[in-house]
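Per-chain residue numbering starts at 1, and chain names A, B, C and D are given in the order in which the chains are listed.
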Amino acid sequence: MELIVNLIVQGIQMALVVALAPLLVGLVRKVKARLTRRRGASLVQPYRDIARLMRKEVVLAENASWLFRVVPYMVFAATWVAAALVPTFATGLQFSWTADLIAIVALLGSARFFLALAGMDVGTSFGGIGSSREMMIATMAEPAMLLTVFSVALVAGSTQLSTVSHFMASPEVGLRVSLGLALVALIIVAIAENARIPVDNPATHLELTMVHEAMVLEYSGRHLAMIEIAAALKLLLYISLIACVFFPWGIATESDSLGAYAVGALAYFAKLGAGGVALAVFETSIAKMRVFRVPDFLGVALMLALLGTLLLFVSRSL
Amino acid sequence: MGNIAFDLAHLLAGGLVLVSFMMLYQDRLYALLNVFALQAVVLSAAVAWQALIQDASHLYVTALIALVFKALVIPGALHRIIQKLGIHREVEQVVGVGTTMLAGMGLVALSITLMLSLTSAADAIAREDLAFALSVVLLGLLMMVTRRNAVSQVVGFMSLENGLILAATGAKGMPLVVEISVAFSVLIAFIVIGVFLFRIRERFDTVDVGALDSFRGEKR
Amino acid sequence: MLLDVAISCAAFLLLLAVPAVALGSRPFASSLIYALSVIPLAIVAVVGVSALLGVGEMTTAVLPVGLPWLGSHLSLDALSAFFLVVVGLGGAVTGVYAIGYGRHEHEPWRVLPFYPAFLGAMVIVVLADDASTFLLSWEVMSLLSWALVLAHHRESEAQKAAYVYLVMAGFGTMALLLAFGLLAGGEGGYAFEAIRAGKRSPLAATAILALMLIGAGSKAGLAPLHVWLPLAHPAAPSHVSALMSGVMTKVALYGFIRVVFDLLGPLEWWTSPAVILLGSTTAVLGIVYAMMESDIKKALAYSTIENIGVIFAALGLALAFKASGLTAPAALAFSAALFHIFNHMAFKSLLFMGAGAVLNATGRRDLDGLGGLIGRMPVTSFLVLVGVTAISALPPLNGFASEWLVFQSVLKSPELPQIGLQILIPAAGGLLALAAALVAAAFVRIYGVGFLGRPRSEAARQAKEVDRFSLTAMALLAAICVLAGIFPGLVLDTMAPAVHAMLGSQLPLQAEQPWLTLVPITESRSTYNGLLVMVFIAVSASAAAWMVHRLASRRLRRAPAWDCGFPNADPATQYGAGSFAQPVRRVLGTILMRAHEEVKMPPPGDPSPARHTVHTRDLIWEEIYLRIASTVNVIATRMNHLQFLTIRRYLSLVLFSLVSLLLVLALWN
Amino acid sequence: MNPSGFDPTVLVLAIPAISAALLAVLPGYRLTARLNMLASLATLLAALALFAVDRPAPGDYLLIDDLNIVFIVLNTFVGFTAATFSASYIGHEIETGRLTPTHVRFYHAMYQLMMFGMNLALVSNNIGLMWVAIELATLTTVLMVGIYRTHEALEAAWKYFILGSVGIALALFGTILVYVTAQPVLGEGTAAMVWTQLMSRAGEFDASLLNLAFVFLLLGYGTKVGLAPLHAWLPDAHAEGPTPISAVLSGLLLNVALYAVLRFKMLMAAHPEALAPGPLMVGMGLLSLVFAAFMLYRRRDIKRLFAYSSIEHMGIIVFAFGMGGPLANFAGLLHMVMHSLTKSAIFFSVGHVTQIKGTQKIADIRGLTQSHPVLGWGLALGVLAIAGMPPFGVFMSEFLIVSSTFARSPVLALVLVFGLLVAFGALLMRLTGFIFGEPTGEMRPAQASFVPLYAHMAIVLIAGVYMPGPMVAWFQAVARLLG
């Protein structure tokens, strides 16, 4: 019985993330539009976009290989699996032990890896520019992310997200400098990884400033749709992750009642909404950087994350 | 008797060292050869005296070889070589006579202090003989080092060898002394009239070792 | 019994050199010798596995060769057994590959006699149980691989590579000699048994550790002693490169582990930071170099350095934990190291074989002359993709599993009592994370430029798929990568005896975990299940594809590439090796390699093309090695004057030595 | 004593002496070359017979003991193989007209005379006789070094002669000093120059005088060994003489001089108060090693290159014996034997190489494994062995020397290792050039006898992996003897 409930919860979680992700993107766009005094597209516009892309035919470059056609699904799958493993409204999901925080980072890494390969596949200059820049950003962002994971894991004594979340919700955590630093670092990483301003502009097609969009330039139709969903999922994942690690309030646990699940779900929606609004506000208040300034920006994240890790011991031994 | 024996042996050995110094001082080849002949005579006397006091008759052979071969034959042969080859009559020195003399004195002082402090157990004659012999050896080597032309180097080597003979005869009852002196004479004969000077003369106008060195085995 | 089998296999391999010399360049010689080398190596691998599984007892043997009064001690324990598996498996698969690859060798007699003997020597290194046998076989291994590097001796590159290699090997061996000298003591207790029993001061132990880092580290490729590796590994024929990178570096690591964990006895905790830091900086340096390198085999060799760095870092962690008596975390770090050793054997051999296949098909090693191979060599490209994914530490393949274990052991650092280590280890973990991220970038570059895109040269356009033997070998290794990735627990359980033998502790039994999950410590702390990740991804990807094709459109049209509306048919307009590296070069290369770019613009009106050049410098090579070389040169030149002195001056030397000795004597009195 | 009264010691001396006389009068180089080989073989057999029969009791002049039997067998063996090599080498020299038949007759006579001198030095039980024998051997080699009569050969011979004579003189002075030291204890006459007597009463001698004697002996015989800074004759003599003589010089004459040094070292060691000879030998050994190692880099002549390598290895050997102790002495002995065999093998191959290429210039010798595989690989084996690579014997001895030294005095071991590495780098650099790359110059096949070369390398290879028990026991006994 319990197994069935757990499986259901896991299933809901998986469906939920896919269902919510475009909405989150829509929310961010809407808020950004409002902040710039535009009316903006509807909240559900991303759903419409995806549906349209799905229906369109794929225009495939003549020399594109099988890899190019497989990658969208792999990227989607890897991101989805990663997103499904982050506790959203409840911890202790049935399969949460499949992968811990480090594995989630690595799963996102796989998605990026294959996407970058796909960017190289057709053999255009834009694909290459996108891939190489994407990988450069990743080389800075991934270690920062891992160091953040280290800080959190060293505090919580675990890399298992459920355990971390439990621990963070418990009163013994208190306010710690290093966790604050880790949070900032993680937010920077999240911005970079999701190709948001100031690192990248998801709305631009101005060639020389593109990173992510250049990489997927050759994609069309259902392939592009998969990539778009994956991107949306990734954004959702990061916000969920930040929420679950740093703001674990209201999250339901394994054996909780249905009511607690409901509370958890409500809290989760609220957190997502807050995250989306915050992101939109941040994006409108800052300008895009030159590509080669990005490493400095990410270097800050790396330093903060490292500092967070080191301070952990200094402050504990004091 | 014992005293006189010692004193005379001492005197002759000391004389040998003195003559070595004289050789260092020479700057003409002929004079050098004459002084070398003098050294051979002194050596011969010293060896003969040793033969007498050690009652070792075979040492007279050594004395005779020294007298005939080194005092007469070799200097004569070298005279002829110098004349025939038209070698410069001067001894080309690397460092000045004064410096050489100073270095020589240092060497003599070294050998005497060394020998006297080391050989306290040996009998007196051997001690003195060894001390002077070492001086002569070192001075001979010094001469080879500080002289440029082959003839004076050969003379230096012979003087070195004189020191060895002195040491050998001073060592009481040492066997093979005669054989050694003969062997050395052969060696010297080799050096002086042997194949090398012959072959060298075939190709060079001079026996200056410096000319030989220009080849240095591995051309630069 | 097992040991006897292993020794016979090694002897067979060594003796195989004789018929190899005799056969010379007969057409069938190559296939025959390689095929014959596969059998004993496969047996060796089986011996290793059975020993690890406890089938048959582990024994020692003394052969009447080697150091006369000692004999040649050989023994098979769990650690040797594990490395036997690495050598045997790597060697056997490479042998299969070489049956096909070796046919393309122009002068097979320069490879055949050395190849089996090289493998035999490695087997003996792993079995050696006394210092002289160990060093003898170690050095024979170096020597034979040197000869193999010179298989293409007409290339001046190969000559330089071989020279640097052998000198570094000699240097390393000297360090090992000194280390064993310290271990054995002045009386010459060279048997490992005697060395284990010996007591030594902390200072001596530290010195031995340092010497081992130099000796085994130079062979394995630890920075800054790595310089020979990117020269020598690529210069050899590709199957030999696969062996050198995939197997020989592991044998070097075996030497380090054997001495430091087994023979040396306890070490002070403050020695471990050196190992950890050396390891993690090596990892970063190696991969940055790989990122800049456009020769595919050189880039792979640099990536070997990176992996060696990771392994050394893990070993250093194990040392740190061991010094404080924390055996469980030590076992975790040590298992991670061993696992990574196994994994690296698999994927690096696979990648070098892939590079060899490409080399055979196109005759080129430079990335900028390749491209588009995924369409022309589909199987090779697919197998290499597996290897690339594995080495980039991406789940669910094996590279990730071991990397994950390394990170887990990094996270055990709070248990250490020393604050210094507590701070240092996460920092080193950050370096490892940086390295891991760079690996992904480097291999996207290698695969993306080398195999994807449009062909950059005529040779690449004409490329044909390689022979079946090569493909079989690569497929075997790819299968190992996948299997070890989704069943990491089984591999860890198998190697557990080796961990136990070294540390007296091991990981919890993984086979008992539900769903074959990897649980290094406790379930609440960290878990990873490669199998499920694999299944989830596969299921969700195919489900998504199925749904999309079913419910939405499945229409597809081929058209010219879009490229923002300005497609250019010239393949040179693609991103190349240099351009792909540009962002990372700007970020890290400016510091580590003094990289700078130079643009020469023709003046306005001049139709000549603008030139963009990149200058990078290998600082380690220039600042350390070239300096040493020039110092030796200067001294040699100065001393050489002594060859040209006159006889008189030589006599003065004699006089001088005589007088100075006499003076010494006078003063001594 | 053996019942037949057969004494191979005499044969070891008589065969070379008689054949020297014979060779001096016989015409025809083919015949004399064969006879030379045959005589060397007979001497080798006689030397081997020394094992079979009981050793004669030491007399006033001759002695066979554990120590010198090693040297004698080695000496006669390499003498034989070098004679075999020489037969094919000389044939070529006559064809090209570098040597006339008269020269060859002289050469062969001198060869046997030299063998006689060396054998005599080894079996002599008398320090005076030994001195005379070594001088004889030196003089004969001087003549052979100069046999080509070119400028360079004459200069080399002259240099060798002068420096050798000074060395001889110093050694004689040392010998006299030993006599003077021994004479108060052993009485006047021959007894005070006989090894066995000296050794048995060494403890009663005057220590300080013995020290002085050792200084002279070390420098005197050390000149012959080629220790820096007394080495100057050695490279030129090796480079300018006929290659068989280079092989014999490096493989044998250096050993004979070393043998003399060792004998006196034993005498010193037998005296408790005497200056330990170790530090002196260690110092000179290391100096020679490091010096020669650096000198290797600038060589342009292949034979001179390997001559410097001989200096280097003599340095190592002297160092090992200077360190002393059973392990280091064993290693020193082993290294000496291995060096003799390897270095002569190298010279065998170098001889053929220079004959084929018509030059000794390093820069002109390239790609041998391509053009002359058998010769090239032979050279490669030799150089790798001499550079200390396994599985050759030199590796084993270097292993023992380095590892045993490091535990005893780390600094010395570091210097040793430094020198070894520097030399290794130089040798390998040259080797790569010799045997790899595109071959240049003359390509005609070698008319050579590879038997001596590969026989030596086979022994060196086997010794590196497996040493027969009796030989080890015997070496160990000698090592103990050396203290």
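By our rule, contacts are C-beta pairs under 8 Å (C-beta built on N, C-alpha and C of every residue); 3 or more make two chains touch, one makes a residue touch a chain.
Just so it is clear, the structure is predicted and the values come from calculations on it, not from any experiment.
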Chain closest to the middle, measuring from C-alpha centroids that were averaged per chain: C
Selected interface, C-D versus B-D, where C-beta contact pairs are more numerous: C-D
Farthest chain (mean CA position) relative to chain C: B
Separation of chain B from chain D, taking each centre as the mean of its C-alpha atoms, in whole Å: 31
Distance between chain centroids, defined by C-alpha means - chain C, chain D (Å): 44
Centroid distance [mean C-alpha coordinates] between chain C and chain A, Å: 35
Separation of chain A from chain D, taking each centre as the mean of its C-alpha atoms, in whole Å: 77
Overlap residues in chain C, where contacts from two or more other chains coincide: 643, 645, 647, 651, 654, 658, 662, 665, 669
Sequence positions of chain B contacting 2 or more other chains: 114, 117-118, 141, 144, 153, 209, 212-213, 216-218
Shared interface positions of chain A, touching two or more other chains: none
Chain-to-chain touches, reported pairwise for every pair that qualifies: A-C, B-C, B-D, C-D
List of chain B residues in touch with chain C within their complex: 94, 107, 110-111, 113-114, 117-118, 138, 141-142, 144-145, 147-148, 153, 209-210, 212-213, 216-218, 220
Contacting residues of chain D [partner chain C, same complex]: 158-159, 162-163, 166-167, 170, 208, 211-212, 215-216, 218-219, 223, 229-230, 232-233, 235, 275, 280, 291, 294-298, 325, 327, 369-370, 384, 387-391, 395-396, 398-400, 402-408, 413-414, 417, 420-422, 424-426, 428-429, 432, 436-438, 464-467, 469, 472, 476
List of chain D residues in touch with chain B within their complex: 128-129, 131-132, 135, 139, 143, 146, 149, 151-152, 154-158, 161-162, 165-166, 168-170, 172-173, 176-177, 179-181, 183-184, 187-190, 192-193, 206, 208-209, 211-212, 235-236, 239-240, 299-301, 304
Touching residues (chain side chain C, partner chain B) in the complex: 643-648, 651-652, 654-655, 658-659, 662-663, 665-666, 669
Complex contacts: residues of chain A adjacent to chain C: 54-67, 73-74, 76-78, 80-81, 84, 95, 97-100, 102-103, 106-107, 109-110, 112-113, 116-117, 119-129, 131-133, 135-136, 138-143, 146-147, 150, 153-154, 157-160, 163, 205, 207, 217-218, 220-222, 225-226, 291-292, 295, 302, 305-306, 309-310, 312-314, 317
